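Please go over the structures that come below.
You will see subunit A twice below: alongside subunit B first, and alongside subunit C after that.
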Partner chain A sequence: MEKNKYKNLVNKHTPKENVIYNGLIAFTIGGLMGVLGQALIDIYMYIFNISTSDAAMLMIVTLVFLGCFFTCLGFFDKLVHFARCGLIIPITGFAHAMMSATLEYRKEGLVTGIGANMFKLAGSVIIFGVVSSYLFGLLRLIIMGG
Partner chain B sequence: MTFKYNNVYINETSTITGPYESKGPLSKYFDKSYEDLYFNTKTWELAEVKLIEESVDILLNKIGKTKFDVDVMVSGDLLNQIAATNYAASSLKIPLIGVYSACATSVLGLIIASNMVEAKQVKNAITSTSSHNNTAEKQFRYPVEYGGPKRKTTTFTSTGGASAYLSSDKKGIRVESATLGTVVDLGVTDVYHMGAVMAPAAAKTIYDHLKDTKREIGYYDLILTGDLGIYGKDILKDYIQTEYNLELKNYDDCGTMIYDVTSQPVYAGASGPACAPLVTYSYVFEQMKKNNLKRVLLVATGALMNPTMINNKSSIPSIAHAISLEVE
Partner chain C sequence: MIYLNAFLFCGIVCLIAQLILDNTKLTPGHITTIFVVVGAFLDVFGIYDKIILWAGGGAMVPITSFGHLLIHGAMATTVEVGIMGLMSGMFNLTASGITAAIVFSFILSLIFKPKD
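And now, the complex of A and B:
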């Protein structure tokens, strides 16, 4: 059988992923994460009497901590599995990817295990995050003049 | 290539599993199950070593022999450099043939051992296979605690160790013939759809076996594939009909039998080298001993996946080995 013909046969028996349902879940939970983030910023601004950017940094630290902590407790993977991109795209996804790799390789030593593998999944997030922010900064400079 | 055997029997088998398998529908047929995936060891890799060691221990106890009575052990697993096999053999001290054929390893082991017993090169042989969900996830996919969503066609690596004792003593299950598989590659690149990768290899081996032995497909009471999963099963039935004009009737797949695919979180079903022997050595042999099944063709299917080759955009080759098992 030719490869193309086989591909069609496989497609006939492959179930479709429920894109609309998954999208709705991710949209709702991602939105709620946004609300949570904003609430944290407002609370930190109110309590510590600090600027929005300082409060935003505290919010990020809080969410990263919670993402890591819940991953260690062993139930966050189930939440991520349910919420999909609703928890993967926000900063919690980064924390989760980093922490899960750390837990996985801790038995292989501090340097050869954790050090070498901690960013196994999250490393590309950092690389492409930095590169894309640089590109967007450049675009902004060209279009808006700074 | 098909071998005929006149004097080879699987006298005894042993099975040992992890927690997911013991919650499945075949739990009462296994010799031993652990509730925790570490099996009282420090790492998952050592846990997998223990699966092989302990399945051999249980087997030797059942037949009342010591490891010094065994001439050869043919064993393999999924870990890089078949580590579980090598480390287990290091403590067992039985002369070793280490084999790799991904999830078709169990039947490849049986074929090599059967050939040696038939040729009277050895008096007896043990074959072993293991797989561990967490070591496989770690090596081939993502960290275990990472919860990124998986597609419906993903299979779940079974945790278990299975061993068989073969000799020319006329008791247990007779090994009647076996067909070595040919590597097939129909261009599938999707690592989350192993059923689609392996179905053509299974079809080819079944066809070759029937052609070499001049048998009709109805000769077998049960044709059993290794780990195609629920979607792979449908693909095989359709493909074998279109390509070889064969209708699979008395057919099932070990990957869909070991778990309750509707209620357990296993997606399309089980996979892993241990999947086929866990189901065959426990439930299927029990049915054969009760004479509910007389002739079974076990077709273990293996996706010969290498992560580097996949990242280099190559497709995944696959292989399937078949062994014909009978009771008189």
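And now, the complex of A and C:
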């Protein structure tokens, strides 16, 4: 078969992503995650009587725990597949990436499996975050003086 | 009112990410990395602090706040101890999130079996 003909055939059968539908889903789920974060901050501030920054830290720990736990129970993968960036961009996506890598390499042992591969997917976030924060921190020190 | 702002900000960040994911060949790993760098960049001129005041928890939930917290912890220590604080204080504020992710995923992986 000629190349062009083949290309047309492939294009015809590749499933089309519905950009508007995906965007709406991501917007709604992501927005709800934001509301959940704010609600958790308010609840923690009311119950434990702590400052906003401490409550924000507790909120992040809670969301990380929920992300890890739901990934273990097995249905978070389906939720991520449905909501895409609505769940990948919030901090739950970070927890999901770490938890999936850990679960996947569990059978290779504690040290060579979990220890060596835990940051396989989530490591780039930390590495690029630290390097860029260091450079931007120097920049901020020069421009704004701290 | 802050709940509406939180919904709008977090939703728009996710919408931008979804548009990048659908229209380019970048993987989710690329996109989260880009967003962390963007979050750190927005903090150079103190913009992200203003966004947090406006959107509250909605600005703390997306991964952009990770970059913001890294640079913010480094700056807070730099004011106290000088230029070395840029290194010693980098993880001050994000430590709880990273430690939680490591500890929870380690313990939970001992309890649960992978499902496929």
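Throughout what follows, the second predicted complex is superposed on the first by the 115 of 146 C-alpha atoms of A that agree within 3 Å, B and C clash if a C-alpha of one lies under 4 Å from a C-alpha of the other, contacts with A are read in each partner's own complex, and residues count from 1 in each chain.
The working rule: a contact is a pair of C-beta atoms (placed from the backbone, for glycine too) under 8 Å apart; a residue touches a chain by one contact, two chains touch by 3 or more.
If you're wondering where the values come from, they're calculated on a predicted model, not measured in any experiment.
Enquirer: Is A:L103 touching the first partner subunit B, the second partner subunit C, both, or neither of them?
Expert: both
Enquirer: Please indicate which partner A:P15 is in contact with in the superposed arrangement: first for subunit B, second for subunit C, both, or neither.
Expert: First partner only.
Enquirer: Looking at A:G74, would you say it contacts subunit B, subunit C, both, or neither? Reply first, second, both or neither.
Expert: both
Enquirer: Between subunit B and subunit C, pick out the one touching the greater number of residues of subunit A.
Expert: The partner making contact with more of subunit A's residues is C.
Enquirer: Once the shared chain is lined up, is A:V61 touching subunit B (first), subunit C (second), both, or neither of them?
Expert: It touches subunit C, and subunit B stays clear.
Enquirer: Answer with first, second, both or neither: which of subunit B and subunit C does A:V111 touch in the superposed model?
Expert: Touch partners of A:V111: none, neither subunit B nor subunit C.
Enquirer: Which partner does A:R84 contact after superposing on A: first (subunit B), second (subunit C), both, neither?
Expert: A:R84 sits against subunit B and subunit C alike.
Enquirer: Which subunit A residues are contacted by subunit C in one complex and by subunit B in the other?
Expert: 17, 22, 74, 84, 88, 97, 99, 103-104, 107, 121
Enquirer: If you look only at subunit B, which of its residues touch subunit A in the complex?
Expert: Within the complex, subunit B touches subunit A at residues 42-43, 138, 142-153, 186-188, 193, 196, 200, 231, 234-235, 238-239, 242-243.
Enquirer: Considering the complex alone, what residue numbers of subunit A touch subunit B?
Expert: 1, 3, 6-7, 9-10, 12-15, 17, 22, 71, 74, 76-81, 84, 88, 96-97, 99-101, 103-105, 107, 120-121
Enquirer: What part of subunit A is in contact with subunit C in the complex they form?
Expert: It comes out as residues 17, 19, 22-23, 25-41, 53, 56-57, 59-61, 63-65, 68-69, 72-74, 84-86, 88-91, 93-95, 97-99, 102-104, 106-107, 114, 118, 121-122, 124-126, 128-130, 132-134, 136-141, 143-144, 146.
Enquirer: Can you name the residues of subunit C that touch subunit A in the complex?
Expert: Residue positions touching the partner: 2-3, 6-15, 17-19, 21-23, 28-29, 31-33, 35-37, 40-41, 43-46, 55-63, 65-67, 70-71, 74-75, 78-79, 83, 86-87, 90, 93, 96-98, 100-102, 104-106, 108-109, 111-112, 114-115.
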